[in-house]
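Here subunit A shows up in two complexes: once beside subunit B, once beside subunit C.
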Partner chain A sequence: MGSFFRSEKMFLCQLFIQPEAAYSSVAELGEAGSVQFRDLNADVNAFQRKFVNEVRRCDELERKLRYVEAEINKENLHIPEIEDLPNAPNPREITDLETSLEKTENEILELSQNAVNLKSNFLELTELKYVLEKTEVFFTEQEGINGTDSLTRALITEDSSAQATNIRGRLGFVAGVVPRERVPAFERMLWRISRGNVFLRQAELDQPLEDPSTGNQIYKTVFAAFFQGEQLKSRVKKVCTGFHASLYPCPSATTEREEMVKGVRTRLEDLNMVLNQTQDHRHRVLVSVAKELQNCMVMVRKMKAIYHTLNMFNLDVTKKCLIAECWVPVRDLAGVRKALAEGGRASGSSIPSFLNVIETSEGSPTFNRTNKFTRGFQNLIDSYGVSSYREVNPALYTIITFPFLFAIMFGDAGHGLILTAFGLYMVIEEKKLMKQKSDSEIWNIFFAGRYIILLMGIFSVYTGFIYNDIFSRSLNIFGSSWTIDGYNISDIQGNAELTLSPYTNFAKFDASPYPVGLDPVWQAATNKIIFLNSYKMKLSIIFGVAHMIFGVCLSVVNHIHFKKSINIILEFVPQILFLLLLFAYMVAMMFIKWVIYYPQETVDCNNETVTCTQDVLDVIRYGPSCAPSVLILFINMMLFKSSPPTGIGCQEFMFDGQDVIQTAFVVVAVLCIPVLLLAKPLYLLCCGRSKKSEHTSENGDVNQGLELTPEMVDTPSPSPAHAEHNEGDNAVGEIFILQGIHTIEYILSTISHTASYLRLWALSLAHAQLSEVLWTMVLSIGLTGSADGDAQSYVVGSILLYVLFAAWAGLTLAILVMMEGLSAFLHTLRLHWVEFMSKFYEGAGYVFQPFSFKIILEGEDVVED
Partner chain B sequence: MKICGPKLSLCGLIISVWGIFQLVLMGIFYYVKSIALSEDLPGVESEGGFESPEDFYKIADRGYIQNAYNCWIAACLYIFTLVISGHQFYVNSRSSMNM
Partner chain C sequence: MGASVVPILVFTILWGIVGIVLPFVVPKGPNRGILQVVLMLTAATCWLFWLCCYLSQINPLIGPKLSNRTVLLMAREWVS
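So, the complex of A and B:
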């Protein structure tokens, strides 16, 4: 757990690996997943790198696998998920994999090609069958007319009938199929080119036909165009090709047509059988491939990742070994050494690979080891900015402060219970839910933050009990501490509202306050909001100031760790003094006011006719009517003003000597500002020189370390990114400007941030009021329905309650839990990012991205989804 | 027999479980005449006021009892809803398993 306090210590290491052992070593490191390689060939074009051919081969393999996967998906086959991922294959196995994949791909390609051919054949035959069947109708109609014609004609004269048949004999026709949406245009075109001399008959096909190459369903229409003359025939044919109509030979004689239909039918049946067999075969092939697919995919991806990493390595001048540079967390160093040894053994190389730690002043990546519980909180922090290397990690404190500040705004035990139930469901069913990967982005966000939601829910239940709010109703568990006294029946009957005085109804009976949270009597009070506002405002300022003081204190840990102890005196002390003397003092005044003022038996001394003795005045001095406003006291303190006490017997201040203390506090706090502004730049100016000399000696160390290992001297200098940052060279003006900005920012922000914590009160007020309104506007109607007391009113009342409860529950979920929850979440996030973290957090680091097969494979899965 | 889809049946399940718990509890609280729920009683907001405290208590007590029964009847209706949506949920999950 110590690692979560700040990011882990990292080493920059050089790996010297024999070329023959390189592949297996990197494979081992990828399995271990604790090393971030640096690109040593950043200036080299991607195509000029050493293993570019291998990467290309892997790419090609991946393409083939994707094609096969697409084919399998087309067939709606299930690709089995593999439980244990295979290791990266040997470099020699790549050829085997290539040949087997090549074979599979060709087989599938051939099968698909065959299927397309067969299908287009099938389509043609089906169309021909339809043409023959449908045109049958046209011809019978035609012949029917012909027949009657000739019969009637024959009765009159032989000659004219012969003439008629003569004319009809020259009537030609073409028959075919055209897509249905083109029919109107087709018809018009035919009519135009023939000036109305073409006679078109058409019949729609009821069943859609399948396009062989795309598999789309197309609706088509059978047509037969009758015309006269050869010229018109060629024109009609041209139009047909223009409209992508397929023409089919159609004999004009009925008997021939019948025979043809028969022939087509038998051929269709044969073809169907062949098609089914091809389909079966294809299915079998794909099923067998599907079993292996995921395995191959993982292997190829791993191989590609390895070669990609190898491309980042440098070749030694003697070409005897590969040199890699990488960041390794110190805790994983042993594991990396073991992986290297393992890799060397696997490749049978005689010379072991070795690892050399190099000293560097370069910024290391930030690595916070997280588990499933802390990951969500770390993500909250990282989305603001990845912490600088070895800086205090605020995520640790966020685990408690985040849900707590959220709960202050979301304080309602009922809504908290809903949130807890939701979070608990996700945590308990974690494994099951993790397996069924969901595409829904919102669900994934909720699921990633399941522990945050659970904690937020639990804390909300707690604050709900403190506010005594459960769905905006109060629980009277311990019995209210207030007693109704001094009113008789006529008072109650005559007045809509009666005052309960803290003395006569509470303190007089020596009552102790309600044990936990707010006294339930407040639910019935008309001044509940006024009371709660003052209570919650004070709470939010108290928590806010505590939160900020904690943030400022954390900067001490940073100063000590980064060996800038002088900053504690020059920066931290004036900062914390400013905060403590002004705002922590205000918080202290709140507590003093709560403690020393207590309900007393009062006499109205402001009245002229009453004379009060000193004893009475002493009692009144600490009574509720004399309690001064903390805010007014604070404003007067800042402005060095004074205001008269609230009444006779009261005093302006809470305790003796308060005015002197206050003046001293303000003066010291104001004096902190110039200290903050000038002390550090002046110190840097004085001591700048000594710092510079320290720095150069550090540089010498690095070189010395390199000289100890003779092979390494020849290696080209690791990377251009090695530039040293020179703190001492900053110009004087720049230092002053920077410090000025920091000072102004800090001073102004302490004031504005304190005010900003009032959002805790504002949101909690809004939440409580909204849930109250929802109860009275919706559920109350169902409860106060009818007062008749007969059976009918029970039926009506309960059904009304049944319906309104569902509406109330839905609205509660949508508005109070979802919407208010999101807004409270956002405000909490802001309070952490801005008000808390600005006090100590730099966030200028970059995240440690280890070379790990697990991350690579998971990442690709996400992209595919 | 399938009437509603998987989402609606899940929604019905959640609301009825919630409804049963809350309405049974509210019924008990009405039955023991909880002050916190006194604002939502039938009849106590009547126009002309009450003649005597006894009069008021009579109305209020009757309202408490009636609301308690109303809550319990509504809870029973939710048990009915729970059974229906549970059955629907079962049917839906089985039909999706078959697919």
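So, the complex of A and C:
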């Protein structure tokens, strides 16, 4: 059965490693990934540990790598994924790595700095160029003053042209560039400080400019402010600095301006060339780094993980070797030994490291070795609680019981096929889908549960086939066992509804029932629900009781494994008796009712013309009218009541002597309660003492076994020993209280859990009804739309069908498969966690978290995402 | 008493093969135990599910109530 039946056996081991071999040994162990180290310096804070400096160095390296990565991403370069991961670097390689990284970082830093300088230079020149070009327009407009431009006229209204030239001669101006969104505020401010005496001309730049430091695109506007007098000039300049407007010198003479534009253009061209070259160089550097980046990243992460682990180690008193404690699965012990030897050889140390297995009573971590198929099921269990060490692992049984209980609720072959197809797609495309790591959380959850979904789908097809439900329609493969031979045509025409007689069909014609699943006739019957309710209710109780009995039986395996065989008599036997005598008996009654009551011709003994002899009465007893309700029988059994038979010739009980058996069953079941309540505490009181003393001496042995390292073993082991002693003193009361709670919980829960399984019936009924409603309300309208038979109605009908089919398919997917599937899933989860696992599962363990590079690297990827 | 021997036998043997015979022929390997449990549980649950459905129909105490339209259709389509 391997490890999946119960968690793997673990050893607590001590490793003695030479300091010089420590790094490479831990690296090897990290590659093997089968060891969980314990922190031996838990009381030492993070800054006082031995390898703090190394960890800090790794942090620094990581920071540099992140910087380089950010730069590469800015350039939109692709960082190639590496197929095989490099090993952790040797200590010697670390220095090389450091220097090369330092060099790259500096180079990139320098290049970026240069680029920023050049770019801001470029920006200034571009802005100047625009200023010159745009202001050119303003000036030419002013030159052509003769009243063509209304704005110019507004400035110098009602002045004679002579005056105008005069004033213009004394007008000063400032030209510059301001961000576009600030223009309105800027304009208003200028207006206010000058009381309207500043004239502002502006022209928007069509192309956005790039901010050199952030690389953002900014839209700017060129402006020229005209004013009069020095005082106003200084004020205008202040406003400009306030609005972060950059001012540029702009000669007032046209020729000078032209000269300047020319000069600026040539300088811009030169600058552009230089910029391109810098860009190329930077690109080349980044491309060459990008190739190595992933490699470096993995190496640094591994290195950091190693030093973190080394920080958990203890230094020997003589400072000549490092001591580590770790949990190792027994199956991997040889691998660990090999890894240690390998590590020692790699570092060339003369003294080999060795491994010492120590006995311990401490709680070992729980390790269930899973594969891709079982992992999903194990996760279902682990999210309830990680199983205690070496406890029976319910995940093994969940593989089938989970999809099956789901399918009872989701029973529809059509919907099951959709689910199967979805699961199959994910399973077949597994490798491809796994590579494209998706960010969508919902998809990841579905993908992680792909095998669960597949199995749920397959089982749903089976149960749907048995329920004879395919998108709420039935198949008549084997020929229905109901025929309508009993009626003639006038009967049929005269009555709107006809009931087929079970007697005619099954006794007279001796029909045998539909061999596989439900008879298709029920799909068309108007009293379908009555039949289905009785069938599905019984079904869910039968499966519920079977599931619970199975759970209680699993507790035996636990009792035997933990060497508490006495619990089998004191706990298991009363528990299972209680369950069997009451609820399994009810299940038995259901089967008896199915088998012994059969359809008969109605004989009316009230009628005086009919003589009912004893023989006839004996037959009537098993007729349809006399079949007692199992539920009423069960309630009467519990309350020691009796109710009168339903008619003449009927009996209250199904078989003779049933009342005696029932009374005996109830009495024994009730007697189980005090046994469950008292037997175990009393046994512990009488015989438990001697055992307890043995137990403490075992603890003493542990201490002696660890003589080699007295200082560290002293700390953990006394605490459990102390706890045991304290427990011994006030144990009596506690044991009784615990057992009392346990008993009450079990007794009450058997009753409530049995009722809880009725959700199987409720959900499967709801599912079937919902899908039938969808069929009759949506799709069947489309299917009957073209019944008239002329050409036009066919056209209309086909269009209607097209639309209605889309609606039906969409609703089927969204409501019946997705929502109903989710709700059935949750109910199944509950049935497993509460109803099944409470019978045997403790779930008080903690997960084995091996030190493994693979897990660390994958984990960081997830965090980054 | 409408129970017929054939379907009961066929289904019991079918699921019996899955649940009892197949677990013995599962290839050896680390997952042998898991496969055996899977097969046995599948057979047990599926067989019981079918059995419940079959037993609930061998002695029907009520008959299906059908509209006369359905009855006529049945008479035309289902009677061979």
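To be clear about the criterion, the second predicted complex is superposed on the first by the 811 of 865 C-alpha atoms of A that agree within 3 Å, B and C clash if a C-alpha of one lies under 4 Å from a C-alpha of the other, contacts with A are read in each partner's own complex, and residues count from 1 in each chain.
To be clear about the criterion, a contact is a pair of C-beta atoms (placed from the backbone, for glycine too) under 8 Å apart; a residue touches a chain by one contact, two chains touch by 3 or more.
As the structure is a prediction and not an experimental result, all values here were calculated from the model.
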{"item": "First (subunit B), second (subunit C), both or neither touched by A:274", "value": "neither"}
{"item": "Partner chain in contact with A:427 - subunit B first, subunit C second, else both or neither", "value": "neither"}
{"item": "Subunit B versus subunit C as contact partner of A:592, first or second or both or neither", "value": "neither"}
{"item": "Partner chain(s) touched by A:358 [first = subunit B, second = subunit C, both, neither]", "value": "neither"}
{"item": "Partner chain(s) touched by A:493 [first = subunit B, second = subunit C, both, neither]", "value": "both"}
{"item": "Touched partner set for A:799, first subunit B, second subunit C, both or neither", "value": "first"}
{"item": "Partner chain in contact with A:543 - subunit B first, subunit C second, else both or neither", "value": "second"}
{"item": "Which of subunit B and subunit C A:524 touches, first, second, both or neither", "value": "both"}
{"item": "First, second, both or neither for A:473, with subunit B first and subunit C second", "value": "first"}
{"item": "Comparing the two partners subunit B and subunit C, which touches a greater set of residues in subunit A", "value": "C"}
{"item": "Contact residues of subunit A, present in both the subunit B and the subunit C interface", "value": "476, 492-493, 524"}
{"item": "In the complex with subunit C, residue positions of subunit A that touch it", "value": "1-2, 4-5, 371, 374, 396-397, 399-401, 404, 408, 462-463, 466-467, 476, 479-484, 487, 492-493, 495-502, 505-506, 510-519, 521-522, 524-528, 530-531, 534-535, 538-539, 542-543, 546, 591, 594-595, 597-599, 624, 627"}
{"item": "Subunit A contact footprint on subunit B (complex, rising order)", "value": "15, 18-19, 22-23, 34-43, 45, 49-50, 53, 59, 62-63, 66-67, 69-71, 73-74, 77-78"}
{"item": "Complex contact set, residues of subunit C against subunit A", "value": "1-4, 6-7, 10-11, 30-31, 33-34, 37-38, 41-42, 45-46, 48-50, 52-68, 70-72, 74-75, 78-80"}
{"item": "Residues of subunit A defined as touching subunit B within the complex", "value": "473-476, 489, 492-493, 520, 523-524, 776, 779-780, 783-787, 789, 793-795, 797-799, 801-802, 805-806, 809-810"}
